[in-house]
Each structure stands twice: as C-alpha cells, then as structure tokens.
Amino acid sequence: MLPGVQVGQPVAHRLAYLWRAPAWGRPLLVERSSWDRCRRGLSIEGNDVVEFFEATLNWPSWLAWTAVALIQCFLLINLVAGGALFFIWLERKVAGRIQDRLGPTRVGGKFGWLQTLADGIKLLAKEDIVPKEADPFLFRMAPYVSFTASFCGWLALPFADNWVGQRLNVAVFFIVAIVGLEVFGVILAGYASGSKWSLFGAMREAAQVVSYEVPLGLCIVVPVMIAGSMDLVTIGNKQAGYFTNWFIFHDPAAFVVFWVYFTCAVASVNRAPFDLAEAESELVAGFHTEYSGLRWSFFFMAEYGSMLLVSALAAILFFGGWHGPFPIISQGLVPALAAMTGASVDSPVLVYLANLAGCANLIFKAVIGVTVMMWVRWTLPRLRIDQVLTTCLKYCVPLAALCFLAEVWFQLYPHTNPMPLNRLQWGAPRASIEVREGWLPLSPVSPDDVQEAQLTHSQEHRG
Amino acid sequence: MATRLEDPRVVEFDVRTDEMLVNMGPQHPSTHGVLRLVLRTDGEVVSEVQPHIGYLHRCAEKIGENLTPRQWIPYTDRMDYLAGMNMNLGWSLTVEKLLRYELPEKARHLRVIICELGRIASHLVGMGAYGLDLGTFSPFLYAFREREKILDLFEEACGARLTYSYICPGGATADLPKGWLQKCEKFLDEFAPVIDEYHALLTTNAIFIKRTAGIGILPAEMAIDYGCSGPVLRGSGVDFDLRRDGEPRYTSMYDGYAFEVVVQKDGHYPRDHKYPPVPKEAVLGDCWHRFYVRMLEVVQSMDLVRQGIEFYSRSKGDWGTPIKLNQKLPKGEAYLETEAPRGQMGFYIVSDGSSIPWRVRARSSSFCNLSVVSELCRGCLIADVPAIVGSLDIVMGEIDR
Amino acid sequence: MSGPILLDRLKAQFGDKITGANLEAIDPWIEVAPEGLVEVCQYLKTQDDLQFNFLNCITAVDYFEPDPKKAAKVEWKPHIELVYHLSSTVKKHTLVLKVILPRWKDDVPGQLPEVPSVTSVWKTANWHEREVYDLSGVRFIGHPDLRRILCPEDWVGHPLRKDYEMPLEYHGIRGR
C-alpha cells in the first residue's frame, strides 16, 4: 500500500490511483509481509543462504554468492534433467496405455523405469554428426541455448514458500520472458542445420511462439491482478487455505483464462497439437532433423523442462501453488504438529516440514499438468500452421483480452463477482491476504495491517 | 544509369521471396514408402508438386514373362502388400478367364469372405496411416490391433500373414480350417463396436475435420479423366464399383449378395442415418470424403463377410482345385479388373499357347490415383501435402511393381 | 452395344482407319491405324451412347522372338501391339483397341516407333504412356512430358522388349 491510500476509498479514487505513475513501479519493490518474515526462519532463498555463509561462516561476499549460485544451479539442473528422465519414461508409459500397449517393461526390473537412462546412454554413445552444409558453431550451440533458456526459467520459480532459487519481485515477468527465449535455440538450430526441413521448422516455431507470447502474457496478467503482485511467492501465498481460495475459482474471468493459458502454454512449448516445428509427418523432424546423439537429447530435455515449467507456473498462478486443496501450512499440518509437540507454530523444523509438503504438492500439480499435455498429444491430430495462428489470433487473444477487461471490472466492483468462493477466504491466514503490494485493496483491510504494511515498505526503502 | 528507388523493380526485388525446391522423399515419414515428391514452395505454400516414382520397381511384369501363372502369384502378393489376397484374386480371375474355367460355388464364397476381410485389413491400415499423416499416432495402433486379428485369421487359413498366395487360379490352395468361420464371426462381433472409436477419434474430431474438409478437392470429371478408381473415385461422388458394374466373371462372384455401393447420392451416403453426419465444411471429393468412404466400406465389407459365411456354410462341394503348376495356357489374351481396396486392379495376360505367358501386365490402381496428386496439391500448404497423399491411400509396391 | 454394330459404325465413320477386328476373342478388340487413333478415341469418348470416359490401361506387347530357331516357327512378323482398354463409368461397358506398330521406326534399330498420344483425350494416358515409353520403347507424339517413369532417367534400353539385355553395369552396380 502506498501511503495516502485509504481503506474504503470511493471507486473514482481507486481508478485515479490506477493511473498514478508511481503505482506501476511498485511491484519492483521488495515486499516483506509479516507472513513472509515469519517464514524466513528456514528459507533457502538465495539471499538468506548468502547471509548464512557470510555471517556464520565468515566467507567473503563473492565466495558466498558464487557458492550459493552453484548450489542452486546444481539442484535445479538435477531437477530439470531428472525430471526429463522421469517424464520421458512417463510419456512412454502414458502413450503406451493410451494406445492399448504396455510401453517399456524390462529395463530396470519392473515397469521399465530405467528405460530413459538406457536410451540416454545410447544417445551418449552415438556419433555426433554435424552436416557438411551446417554452420558448425551455431549448430553446436543451438541445443545449449534452448536448454539454457528452459533451465533459466526455473531460477525464479518457487517450490514452496520462499523455496526459490532467486526470489524476484517480477518473477512472472521473468519466467515468461525466459521461456520465450527457448525459441532462439530452435531458430538457430533450424538456420544452422543447412537443411530445408529444419528451416521450415524454425520459421514455423518463430511465427508460432511470437504470436502465442501475446495471449500468454495477457492470461498471466489476470492472476497477477488478483494477487496484486508479480512475485510468485506472494501470488502463491495469497491462495493459502482451502482450494476455494485458488485463483482459478476467483471469478469467471480467471476460470476462463486458465484454459486459454493452458492452450497457449501447450503451444509455446511446442507440444501436440501445436508441435508444428517438429511435425514428423510433414517436416521429417523439423528443426532437429539433422541432430543426433546428445545434442538432440538436449532439445528433448529443454522441451520437457519447459513443459514442467509452464505446468508449475499454471499451478502457482491458478491452483494455489504449494497450498493444497486443504490448508496444510496455516491450519492443517503445522498447527497440528505444533500442538502435538508443543513447539511454536513458527518453529523452523515445522516450517521446513510444511514447505516440504508444499513442494511435493506443487510438483504433484505440475506433473498432473504435464500428464494432461501428454494425454492431449496422444489423442489429437496436429493443426496446420494457418490454423495454429488462427487459433491464437482469432480466439486466444480476444478471449484473453476479454478476460483481462473482465478481471479489471471484478477488481473494481468485487461485489459483482458471481463466484463468491474466493471472497470467503476459507482457511486463509489473515496476513497473507490482507497485505497487498499494489494498487487496489480487494477486501477491506484493518487499519493495523495497513500500518504494518506501510511500516514494512518504509523499512525496505530505507534499507 | 543508376537504379532509383522509385523503380518498380527495386520494390519487387525487395518484397519478393525466393521459391524453394524441397525434396519430400524417398526417405520421408509420410510418403508411404518410397514416393518422392519434389515440391516447389513459396514459404509454406506449395506451387507445384512433381511426383517421382520407380524406387520400388522390381520388374514384376518382366518376371511374369518367365514364370507360369501359378508361379507368378507370389509376385502379385508383393504388389499391394497390404491387400495381398485381393491381388491374388485379380490375377487368378484373369487366368481363369483365359482358361474359361468355371469356379465351384464354395470357392466363390470363400473368395468373397477372404477378399472382403482383406479389404477391411487394408482400409484399417489406410485409416491408421492417415491419422499418422495428420499427426495423431494412436488411431494407427488401434487400427493395427484390429488388423492383427484379421491377419491371425489369414494365418490360420493359409499360413502367411502378409504375402498369402492363398487364392490361386482354380480356387484356393486349401479350404478354410475347421472352426475358422466361428472365429471369423467372433472377430466381426468384436470389431463392430470398435468402428465407433475410430469415428470418435478421427471422423468427427474437430481438428481432423479442419485438416481434411475442403482440402484436395477432386471433382468427379477430373477423377474419371485421371483414371482414379476405388474410394478415391467414389469419394468424388461417382457411383461406380466393379463389384456391381464390372465384368460378369467378377460380378458373378457377388451373385446373391446384398450390398449398396458406398457413394454420396443426392447428398446422402447409404448409411447416413447410422454414422456420423457429413460436416458442413466438407466438400464432395475432398480428403474427408475419401476417408469417410473407406470407413463406410469397412462396415459394408463386414456385412458382406457375414453374408459370405452364411452362403459358404450352406454350399456343398469343394473349394476348387488349383491349376497345375505347368498348366498349358490356350492361345489368346484376357484382361480383367477387380475392385481391390485401393481401386481397380487390372491384370492382362497374353499367351502364345505355351505354359508361360507371352506378356503379363498389371494395371495398378494407386498408379492412376497418384497421377492426380500434382493437380490436387497445386496451391496448398506444405502440411496439406501429406494429408492429400494420405487420403489417396497409395501403396508404392503396387505403383512401381 | 454389341461388337458387330459398333464395328460397323466405326467403319462407317472412319473408313480405312479401322484396320481390323477380332470379335470372337475373349475380349473382342478393334484394330485402329496409328494416324486415326486420336480421332477414334475422341469419338468413342464423346458419343452419347458410347461415353468411353475411362481409360483403364495402355499396354505394349512386343512380338519378337530372339531365338532364331523358334523365330522360324512363329506365324507372325515381328511387331509391337499397343492395347488400349477402355470402359465407361456411365454405360458400364468396355472396349479394347489395338494399334499395330513396327518394332523400329523405318526398320532402323534404335529408332523408336511413333504413335500419336491420347493425353488430350484422357489425362490418365499421361503416366501410362510414359510407362510404355519407358519399358517398351514407343514414342508418343504430342505427349507433354515424355520421360522415363519407373526406370532412372539415364537408363539404357527398354526392358519389356523381348530382345532387351540387362546392362552389365549401372553406375558401378553389377547388372548380371
């Protein structure tokens, strides 16, 4: 809250507030609510670990920062690569079951769970071919560009309250921008391969991603508007409590926009029915026609990494993130355990356990999203390039824009919202909903909270 | 003289995009074997398609001039290798026509059962592969699952699953084994409900309709002019099916069978009321209609097999005696076309009186169906090329012979 | 329409361009002189009661016996027969036309015999004539795109000729 904005202002004032220039800069400020502060006891957010290294171990600042960066990269890269291993196996199992067959059954004993690893070893052993016509440097670089872009998105994605590589107050913006960068690798691959099929794939990808970024961005604005923040941790925490607090149930606009988001997300990560860049029945294999071995597998890892990323993003933006369908952190697990052990609700161990459960919760939701993408892939035929662009420009963009406007309306006139579930705020801790970063108070806030928020902000400013 | 900016050529040069020659095939996932299409493209738009064939040419006709008719039967298997039984039938009927051989009643019904099952198996591949061309993998495996059951039946009847050499001049190499008819009926009972799955996955799927309806429209006159036949011809609304309109030697095989030619007449298919309606976007002669005709023919063939089982179990006598390996052929020549799954498959035999034919000729249905592809693909998008080629349902073994 | 009536009608229309017929054969056929082929085909296609709108097949049969001992016994002179199988999707009847050609034009070996192309009548003749040209060595005058179709473009010889011998080598690949 900016100083000077009072609770219960008339609508005209709120509107005027929307237009005040400094308001747009506000999300760039770091928010620290009381709820956040109480969680900092055992946060693995970068800054806190740095603090630990610097203060407790007396490491120099540069070493502390580098160590933290390396640790986080190591964890995340293992998540992305391990995730790819798992999802490729899952995809083969899901595809198998959908197609009335078994999928891999042998490698690794049961269920073929080591199949992907075996394939990975095979890919490692394959010859690394660079075609004569290719631009060798760009050709070799392209898979890394793709994978790096897909991987970088993970840096700003929280897995639980404050469990995040680098907590950014513009995390949503960052992730959307970074995911869009993956297309560079694809275009580079298509251009550098020196093959016409690859070029076709790359051009299709470029056209598709550029057009789908627009509705994707519009869709993401809706939950951002509800939360009043671009910080994913804040967005996640705003949905604490029962599933009725999830943003997808906030109002009709948010409900509709989730489906648009999902469609656009599938398109932006190049999955069927939008997998035109690698349409195997038309373009042989599209942009990765000329790739083999490990380089090819990097594209694959990037694809699965992106899939999981957009699904996790959807889970945070619309499905409560690490907050389950039932309150775990505020009312469920933590208070129960606290009562049992006699520990404080803020005790680091309990918070850690709660966050672990939240992390599992988020990943579970993301895996469901990825599974749905697989289900779609093995069911639907592929669209044609003009139909893909039509879907985007004629359906997704107007729908997303309409939802955006509707969301503005519901923000201005909350009482017109026909879905009251979210307003009830069942099971939500007070602090997480009442302190708002930005412009419009959603529900009446108590003067105490306003004061506290202002205090927090002024402290941050001075610091 | 220096070129000035106002010069129209400058603008043209700046705006112009280069045409690109793209080689689709012979190693390409959706050219159904070794078809090579040279596409002249402007971006995604295809301005010209030039098919090149012959990568699977095995000189079958030349080989036929050095073998007796019965020895040549395995070579017919390898023409349309997805419908080997129907190829066997075409050649056997042609040789029988030359020999003026009259087939026993039981052999006739046996042939109807076997060939209509072959048609179902062939259309299943055509349907599944078409899904593959459009980027959906699952229907392909659903189709193959059912096809396997037909191949099991064939295997039991003749010992082979792909190249049967079962039907031969004079009848067939063996009678159907005991209990085969019951198994066949069981298969038909299981298969009937599966067709609805195919319709749900493909025929009525919104994306499928978008990809096929109104694409590759083949007018009836052009279809006839290019010698297209089979589902391609009937998909254009031409009411012509050799099983009804062919030579007596062939149509007499279907004497007593009740069936209706699958073609849209007065805006209706014969089974319109039972099967998914024609979508608004579909134009007669487009890819969707060709696909739909195949789907309905599967149902029709099931019906014919049921009738065939009925007739076969009632008829007395034997299943015919295959001609001798070195049977002397009368001097003369004979040409006969049969309705194979992919269209009219014709065989021509010229004999000089010895046991080895002087000349053998195979008129391939896919050969003519493919020749129309450059007309259909003019001005379409790259993604439509597999859709159109797939809807013609070609088999390169039959085209190149 | 029965064979004799059609034959009489064609003879009345085209006179000596109808050079023969065999109505007793299994598939009765009418023989046409090469120079009258296109008009006859056009006539057969356009007449309301004939409507032969469907060209099923074009076949070339090479009558030649390379073995001199056997050649002495055969009763025909060496020649090439072009066989056109026609049918009608409307009237549901069929017809066989034959054109007799010399094996070589002007009896000079290597000079392919010539016959007018019927691509102007039926488009399907395009590929069929290319195939006949490729495999049997008949040149179709007026064909828009007479190239080899099944054999490679640089193939030598016409494989379905009876005196054809497989080349010993093709681009380093052993032929026989």
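Letters A, B and C name the chains as they come in the text, with residue numbers starting at 1 for each one.
In this text, a contact is a pair of C-beta atoms (placed from the backbone, for glycine too) under 8 Å apart; a residue touches a chain by one contact, two chains touch by 3 or more.
Computed from a predicted model, the values in this text were never measured in an experiment.
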{"item": "Most distant chain from chain B by Cα centroid", "value": "A"}
{"item": "Per-chain Cα centre nearest the global Cα centre, belonging to chain", "value": "B"}
{"item": "Separation of mean Cα positions, chain C and chain B [Å, integer]", "value": "26"}
{"item": "Gap in Å, rounded to a whole number, between the CA centres of chain C and chain A", "value": "70"}
{"item": "Whole-Å gap separating chain A and chain B, where each centre is the average of the chain's CA atoms", "value": "49"}
{"item": "Where chain B touches two or more other chains at once, by residue number", "value": "none"}
{"item": "Sites on chain A at which at least two other chains make contact", "value": "none"}
{"item": "Overlap residues in chain C, where contacts from two or more other chains coincide", "value": "none"}
{"item": "Contacting residues of chain B [partner chain C, same complex]", "value": "53-54, 57, 59, 61-62, 97-98, 100, 222, 224-227, 233, 238, 240, 245, 247, 332-335, 337, 344, 346, 348, 350, 352, 358-359, 361, 363, 367-368, 371, 400-401"}
{"item": "Chain C residues touching chain B - in the complex, by the definition given at the top", "value": "25-27, 53-57, 59, 61-62, 74, 83, 85, 87, 89, 92, 94, 96, 122-124, 126-128, 131, 135, 148-152, 159-160"}
{"item": "Interfacial residue positions of chain B with respect to chain A in the complex", "value": "20, 22, 28-30, 43-44, 131-138, 141-142, 145, 201-202, 205, 207-208, 210-211, 381-386"}
{"item": "Contact footprint of chain B on chain A as seen in their complex", "value": "95, 98-101, 196-197, 200, 203-204, 272-273, 275-276, 279-284, 378-387"}
